[in-house]
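The structure follows.
Chains here go by letter, A, B and C, matching the order in which they are written, and residues are numbered from 1 within each.
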Amino acid sequence: MEIDFSIIWPYMPVLMQGLWVTVAITLGCAIAGSLLGFVVSLGRMVNNVLVSGALKLYVEFFRGTPLLIQLFWIFFCFPVVLGISIPPYVSVIISLTLYMGAITSETFRGSLKSIEQEQHDACTALGLKHSTKVIYIIFPQALLRAIPPLLSNIVSLFKESALISSVGIADLMFIGQNISNSTAHPVEFLTTVAIIYFVVAFPLTRLVGYVESRMLTRYAI
Amino acid sequence: MDYQFDFHFLTGKADMLLEGLWVTLQLTLYANAMGVVLGFVLCLMAMSKFRMLRWPCQLFIEFFRCTPVLLQIVWFFYCIPILFQVYIDPITMGVLALGLNLTAFNAEAYRAGIQSVPKAHFDACVALGLKSWQQTLYVVLPQSLRTAMPVLLTNGISLMQQSALVAIVAVSDLMYMGKSIAVDAYRPLETYSLIALIYFLMALPISHLVNVFERRQDAAMQR
Amino acid sequence: MNTAEVVVNMPPANAMEAGQFIQLDNVFKAYNNELVVMDGMNLDMRADDRLVIIGPSGSGKSSLLRVLMGLEGIQGGDINFHGQPYIKSENNDSKVVSDELHSRVGMVFQHYTLFPHLTVMGNLILAPMKVHGKDKQSCIAKGRELLARLGLEDKVDYYPSQLSGGQKQRVAIARALMLEPELMLFDEVTSALDPEMVTEVQNVMMQLAEQKMAMIIVTHDMHFAREIATRVVFCAGGKIVEQGTPDEVFGNPKEARTREFLDKVLHLN
């Protein structure tokens, strides 16, 4: 079989449409998921066993099971359990947001815990109230520290989002696979799709390193 | 909520689930064996002094880290037979795809471990007159393994979860079996809940181990 | 304007008398019920005292400062400040009885503990604005004046990571002074510094001493101790073994343990 990459050109616009869907869903779920993750990370520090326990279970379960099952589960669960039918894209957005929430809550938790005892001591010495300490000292530092790992989380989500193709969302993966099946040229199309993913994700991973070193020189954190 | 849960039908499907579980375990174990060993080799090659060796290895690592696993799996199943004119059985192919992915991620874990060895230790080795291989074997390897271990284990668990993706190319693992049961019995909720629980419980002891390792490491660093 | 007024908040005149400033009464403190760091400690500090605490590691020097700052609780005894209850041992958690008294104490730590995400000015004005509710403009004006006095006027917009160790420590002192404390605690503030930066920090402390600032200093630098102290306190095993003027303690130590300790540290130099 001849390998001929020139056949991909007519399909480029369609693939770009798929990329747009992938990027849009990734960004939307990254933002919603990060907000959720931050709230969850705070909730887990609450002194209420019921709240922190339930949140822990949520985090552990979404981190400890394959995303594919989560996608299927929510895809089938909502219509059956709640008796409402929701469009597939809403179901995957819910899934990816919940998944991202669990992942990023650990990122935030880690960065919140990474604030040294000395910083707390300094706040006590200055007589800062607890709320002042949290808002002006702990949160800003924790959020700054969370930026690089959060970016990594987003890159992961970008890659993991390929799974939504399995429930029929026309993302980059779905479109690439469809074309490769219908044209019977998997090598050309699947390789091209891989390169597109790479071209987006690779610079982002470099960005993580750059941001990390910037933070180190600017804030030494 | 009017839905009546009924897990009873699943008892009749135990054979299928066990069969699928066995495939999942095989995929996980073999791919991990591959990733732990080849990851170290790849890491050393990617840190080599020779550009012609270093660059391809770095490209390999970055490519596997920056593309979706699902795509890698699909690519292997569709493209390897065409490109190399070979037939490989689905499980081996799954191990190959997952194992190479893990190799790339583990290589990064080893690299971080090696880089975490304090620069002063290399100086100390020179001062003590250790040979280069002695330095690697007695000083660098033990310390970097210690740092890399939790990450290797975490990568190993992630791989088990990622292995569910082979169900999409019809490898009959736990996920695939679950999917067919769900379709046959038209009971997706119960089936997927059970499978999720199985994956979760399999990952649990290992993630606990990771916690133990990390706590020990923290304690060791404080000393 | 008299610059001394900007920095040093003088306590009332009667605080110069014994029993009217800081008073430790039989204070006991242990970690995990095992490691005793303050073993029935008694101390009477007057507002015109500059106490330098010396002693071997683990003798309870830093613990004393951390307790006075309300960072850690005590398990026995009481501490009075201005003749009022300041710290009580009844409840381990409630470290400080009076927030008002607490705000009259400032502390500088060994490792600077500046807030890395705030500029120098941001570090200075946070507490006066949020704790004392002062307006931003007057805080900034005061901060500028303070920084100028400490030779840091050009570092206002720097982040801590862009400063040298000595500069960071001077900023930390300025940050504490912004709250106009009556008592300053210095916990080994030059221990983490490179030798060439020690003087710039010690000079600032001498400057404060000349303005009669009350301070308690924990240090390993015996020459500096002799220079700045009005009273030297030698601690060992959680107890005050000996105290007196620098000349008394360094020149003619009475206790064998003091002599032994001074022999060791002074012969090192």
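Simple rule for what comes next: a contact is a pair of C-beta atoms (placed from the backbone, for glycine too) under 8 Å apart; a residue touches a chain by one contact, two chains touch by 3 or more.
Treat the numbers as computed from the prediction; the structure is a model and nothing was measured.
When every chain is reduced to the mean of its CA atoms, the largest separation from chain A belongs to C. Ranked by C-beta contact pairs, the top pair of chains is A-B. Rounded to whole angstrom units, the spacing between the C-alpha centres of chain A and chain B is 19.
The mean-CA centres of chain A and chain C are about 47 angstrom from one another, to the nearest whole unit. Per-chain CA centroids place chain B at a distance of 53 Å from chain C.
Against chain B, in their complex, chain A makes its touches with residues 1, 3, 60-61, 64-70, 72-73, 76-77, 80-83, 155, 159-163, 165-166, 173, 176-177, 180, 186-187, 190-191, 193-194, 197-198, 201-202, 205. Residues of chain A that touch chain C in their complex: 118-119, 121-122, 124-129, 132, 136-137, 140-141, 144, 217-221. Within the complex formed with chain A, the chain C residues making contact are 66, 69-71, 99, 102-103, 105-107, 109, 111, 113-117, 126-127, 130-131, 159-161, 175-176, 179. Of all residues in chain B, only 1-3, 62-63, 65-72, 74-75, 78-79, 82-83, 157, 161-165, 167-168, 175, 178-179, 182, 188-189, 192-193, 195-196, 199-200, 203-204, 207 touch chain A in the complex they form.
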